[in-house]
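What follows is a set of structures for review.
Both complexes below contain subunit A, partnered by subunit B and then by subunit C.
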Partner chain A sequence: MNAVVLIDTLLLLLVTVTAVAIIEVRSLYASAILTGIYSLLMALVWVNMHSMDVSFTEAAVGGGISTILLIGTLVHVGRDEKPIKKRLHVPALVFTALTGAALIYGTLDMPRFGDPAAPIHHYRVPEMMAQTVGFVNGTPGKQKPPEGFDVERYRRFDGRITGPIPDDPKDTAWRENSALRLEGLMVPQVHAAHEPHAEPGHHLHPPDDFNGHVPNSVTSLLAAYRGYDTMFETTVIFTAGVSLILLLRRPRREGYLQSGAVMSDQVILRVVSKLSIPFILIFGFYVITHGELGPGGGFQGGVVLATAFILYALIFGRAALYRVVPPPVSDILTGVGVLIYSGTGAVCMLLGGKFLDYSMLNRELPGDGESLGMTLVEYGVGITVSMVMLTIFNQLAEERST
Partner chain B sequence: MLEAFEIIPNLPVLVVTVPLIGGVLTIAMGRGKGPWAWATLITGLVFYFTVLLMQQVLAAKTGYISYELGNWPRQWGIEYRVDALNAFILLTVAGVSFVTTLYAQKSVEKEIPQDRHNFFYAVWVLAVCGLLGITVTGDAFNVYVLLEISSLTVYALIAMGKDLNRQALTASLRYLILGSVGASFILLGIGYLLMVTGTLNMEDMHDRLAALPDAVHNRTVLVAFALLLVGLGMKMALFPLHMWLPKAYTYAPSAVSALLSATATKVGIYMAFRFLFTIFGVGFSFVAMPAHVVLSVAACAGILVTGVTAVRQTNLKRMLAYSSVGQLGYIVAGFALANVHGVAGSVIHIFNHAVMKGGLFMAAGAIMYRLGRCDLRSIRGLGKRMPLTMAAFVAGGLGLVGFPLTAGFISKWYLVQGALEAPHMWPVAAVVLVGSLLAVAYTWRVVEAAYFQEPEGESALVTEAPLSMVAPMWILIGASVYFGVSATFTGEISMRAAKSLLGGAP
Partner chain C sequence: MTGALGIYNYWIYVLLMMIGLYGVIAKPNLIKQAIALGLFQTGIFLYYISMAVIDGGTAPVWTTILDGAQKFEGPYDNPLPHVLILTAIVVSVSVLAVALALIINIKRTYGTIEYDEIEAMDQADKRADYQRSQVVDAADDLEQRLEGHHHA
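For the complex of A and B:
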């Protein structure tokens, strides 16, 4: 038995135990903490699967901020579940068991975990990956590499392409000889990304789309290929924040804040939090900016930023937080993030491209345009996520003082 | 900068991004009438875009328009694909949303606290954005993302009825729980399909499923199909998964009830069209799998049971809500026939029911506006006091019955024709007729109370609802009569949509 399977089995066992404990335990406080533990365990499972971005998100959102928000909710509803007579609801149990059985039954014909021949690995992804990481995969002659860019070295690094690449973009025969193809991982049918479109004036993506700016393929998938989905995921977060304000915020005339516990008389807490907040903020910005290079991005970075503010509010009180970020400012910023994202897309469209075609942002070096676009939208995501998290926290805390 | 920009090629994306950006900006429109005026402007603009889009689709040689977002090849990125079916649904959703927004002003002024109109209309416009986004896309996962937006906004909008009746909160919570279960099923279904096909593009997915050696016995595909059927059933309030709907429509603010009844469940049905016909294909869904049996039994049971329940209601909004579940049953029964007339009847009834039920909920909302409630007791003698509103209610009710010269008649004509053409499906035709009789019963109760009973108490003093409510109400009711008399446009579009869904020429 290899180590990965062993660790996975152990982790999933713990996950199951935690899940049962969440249901069984009567103290809501304990179950809130247990959900945090559940998420941390899941984060480890993702690490074991080598999906660092998912793991990071799970740790930051599941293990971090949602636990805080759950505990915040407890302030309203009390620490303990109301004692109810436990009885077995047989139909519910039957339906749940059936659903669970169906889900497992459905896995029987799934490709095996990590199977390189699975459709998800060989159908579209190889072409996408080849484009994401490859300058060399494009068609030379159409675009100059940036100065100091060592194409040969990059080509060796890539290791997937053998032989010269033809000048004619329609000639895709070279792909037949690529390492991926030889290993049987790439389907012969290749959709040519760069073939001229039927419509006149249709803008083409440059042969080298990201100029090597985005080695993290998760980011290129989320911010470029499926950037449109990510825009709406950001909008989901925004909608959650606005809905919460709509439903929970008290009328403005009553003011934002009356009371709230302050822990600033605790010297250790005060000093430690003051020391750590700048680092949390820097780390948050780092995660947003460097999402394209490594794990992370707008969602994770935004959550990290929010925790800095929430920590500040916990220690110094919400009055102090409102001096830093008054609610009208956070309200505006939640929208600004979405507007940055959708605005970037709209600018690409107004420049004559398709919506969210970042290469329009830099005609000289389209790859740099792509990189710029992705960084912009990551910041859009980060701003909205952090401000919505802050808003949720504020609304929960505000209700407490009524 | 703008010289390279053209509206026409970008129409599919403008239909969704204009309400997205517009919805976010609504928050900045201050107090007073600003947010409402802005929301009207945005929904009006979107309606105009959908009209243009419809023209483009009708003129397109291929029968559809494709838009690759971010200019990525459609199998890598996300594709918007508009054919006759979704152009028609887009037109319906955008049109009704625009008219409902016009209507909303007075009603919202009365029912929602003044200081949060900007947030309310922001969520309102985003709900429209989500519904349009589901309808325009050709990507299975993009459907789910937009479904999240439309669901989340709708939960919030329903809960805003809390200032009139606290029950709105439990209604919204119930919908939130059931809706989330449904959405999770849909997500799992999409995930299972992704595992098998390696793609999220709907057309690509269909081709890959068709190329699968033995899709009918692939356990992953089967479970995906089951998950999607249940999840979509929840979203389109298919009997017996409709339990969230009556309370939600009853306690939501009046304008929200009108918007939702006309658009939200219709988009659920559109999703079913896409998953059952476009992704799985008729051969899989209706020949290899018994989807037609499951769906038509559920739909027919729904028509009968909710019809009887509607007759027993005293609250007008609740009566209309139960009637909605029944009317959705007609739509489902239609496409479950899987023949041209059945599917066309289903498509045309999406439009017809949207305008009729939108108008009816507006009438109920107008009564709420004047009386603060809308039960059978309080509307006694209202035929004289609020003649326009009650006349609209009667005209809409006749549409639900399927009276000749109303839009409902056209739908039922197609449905019955489809049912008689399909082998062994004549009971569906019988159920359609019985359902119409039940609609006569519940509409008659309103007519009787409004026209044949004497007003009592404050009902005797009320006057007609303001013009800004009556006019939009009559736009929809007028449309339902107009398209009942002249059904050439809706009929042709529906037939075309049905043929392309069933795999014929677009």
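For the complex of A and C:
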């Protein structure tokens, strides 16, 4: 048993116990705090499984924002559950037991944890990597196109292979006969062992993206391979912000300025928060800007930025926050983030590429273009996420309309 | 990893999902239901991330690109599930926020956030409406009959 599995086993036991406690504890306040603990444990589980970006998001969103939102709601709805006579709901228990048994029966067919032969580690992985990290002749990373390489012609060529790729990497005969070579173009290196789609008629990703400036493949998949998905994900968050405004914002004639509780008379809180807010903001911007270099990105950085504003509002009151970020400004910025994202895509189109084809932003060094495009997109996501989180906090904290 | 431990993670994912589902069905408190929905979601997150793990692998950040010298020889974990779950977490907080806003509005309208009490109030309202409509119908009926009598 290796360390990963051991830690995983123990952490998941803790997680399960916490989950039961969240459901069964009667005080909603305790439930909200336990949710924060649950999220932090989950963040550890994700780190243990090498999923740094997810861990970062879970810690910021689950451990931070969700808990604040829940507690903010409890102020309005009361902190205790109504006592129930019978603790155990038998029909629900039977139903969940049956569903769970069916699902567990389903898991018996799953590949074992960490199995390198699992289909997920083969299906389209080289293709995704070629598109995001940039494989040139089998080496990932920062490389310049070879002398006399015609990027434009490659873009027009759709890279269809004509014969099967043999298992033996030394067997290069197929390369000579491939349609790419017959066109007089370079044939990308393909590892047959990692190439489940090495059958005739399948597309090879042409090696035209000498990007390799985006080491964090999670971010590059997020912004390139699944760029549309992320764009609409940002739109979903924008929609959530709009819903909160529609559901809870007081009519404008009643005014925005509502202070709520102010804790600025507490010297320690005031000093510590004033000292830490600039660092939280810098950290947020750092996380967004370095999204394509290491763990982090627009979602995580946006949430971190929002926490700085929320901390300010908690200590100095929402009236003070509204002086710093007036609601009209935050409303407009939520839309601006989505606009930056889709605008980047549109600029790529105007420059002659496809929507969100970032390499168009720099014809000379497509890799730098990718890097630039992803940073722009991450900033769009970050602005929307931070301002929506701020709006959600403000609306949930706002007092009853009179 | 082989044997029963090899699919341990998938069992925990089922367990977490079912704890969440039990909460949604069994707890009448709407806040509890929103939290339970979140537990259900994390179960699914666990399922996806567990699939991405590969023996001897590491986080999918290509250090080669940064310094060019170091080269990690082993495999990288599959980044695609990470991407999917990363966005799913942020969507889940949006879902939670909208749910909480609706719950606050329900509290303002009904004065309670216990589902069974809300249901009872709705039923009582419906009954009252029905009775009121019965009374109104009877009154109309009487009026018409009186008018008919008058004309006659």
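As a working rule, the second predicted complex is superposed on the first by the 309 of 402 C-alpha atoms of A that agree within 3 Å, B and C clash if a C-alpha of one lies under 4 Å from a C-alpha of the other, contacts with A are read in each partner's own complex, and residues count from 1 in each chain.
Assume a residue touches a chain if its C-beta (ideal position, glycine included) is under 8 Å from a C-beta of that chain, and two chains touch if they have at least 3 such contacts.
Fair warning: this is a prediction, and the values are worked out from it, not measured in the lab.
After overlaying the two complexes on the shared chain, residue contacts for A:S342 are found with subunit B alone; subunit C is out of touch. When the two complexes are overlaid on their common chain A, residue A:D331 makes contact with subunit B while staying clear of subunit C.
Of the two partner chains placed around the shared chain by superposition, subunit B and subunit C are both touched by A:L247.
In the superposition on chain A, A:A118 makes contact with both subunit B and subunit C. After overlaying the two complexes on the shared chain, residue contacts for A:L311 are found with neither subunit B nor subunit C.
Between subunit B and subunit C, C contacts the larger number of subunit A residues. After overlaying the two complexes on the shared chain, residue contacts for A:M110 are found with subunit B and with subunit C alike. In the superposition on chain A, A:A59 makes contact with neither subunit B nor subunit C.
Look at A:E233: by the touch rule set out above, it reaches both subunit B and subunit C. In the superposition on chain A, no contact is made by A:L361 with either subunit B or subunit C.
Shared contact residues of subunit A with subunit B and subunit C: 103, 107-108, 110-111, 118, 120-121, 125, 128, 225-226, 229, 233, 236, 239-240, 243, 247. Across the complex, subunit A is touched by residues 1-2, 5-23, 25-29, 31-32, 35-36, 38-39, 42, 45-46, 49-55, 57-66, 68, 75-87, 89-98, 100-105, 107-108, 112-114, 117 of subunit C. Those residues of subunit A whose C-beta lies close enough to touch subunit C in the complex are 1-2, 4-5, 8-9, 12, 15-16, 19-20, 22-23, 28, 31-32, 35, 38, 42, 45-46, 49-54, 57-58, 61-62, 65-66, 69-70, 72-74, 76-78, 81-82, 84, 89, 91-93, 95-97, 99-100, 103-104, 107-108, 110-116, 118, 120-121, 125, 128, 133, 139-142, 212-218, 221-222, 225-226, 229-230, 233, 236-237, 239-240, 243-244, 247-248, 293-295, 297, 299, 303, 385, 388-389, 392, 395-396, 400. Subunit A meets subunit B in the complex at residues 102-103, 105-111, 118-125, 127-128, 191, 193, 199, 202-205, 224-229, 231-233, 235-236, 238-240, 242-243, 245-247, 249, 251-252, 331-332, 335, 338-339, 342-343, 345-346, 348-359. Contact residues on subunit B toward subunit A in their complex (touch as defined above): 1-5, 9-10, 13, 17, 20-21, 24-25, 27-28, 67-73, 75-78, 113, 115-116, 119-120, 122-123, 126, 129, 133, 141-142, 145-146, 148-149, 152-153, 155-156, 159-160, 162, 188, 192, 194-199, 208, 218-224, 226-227.
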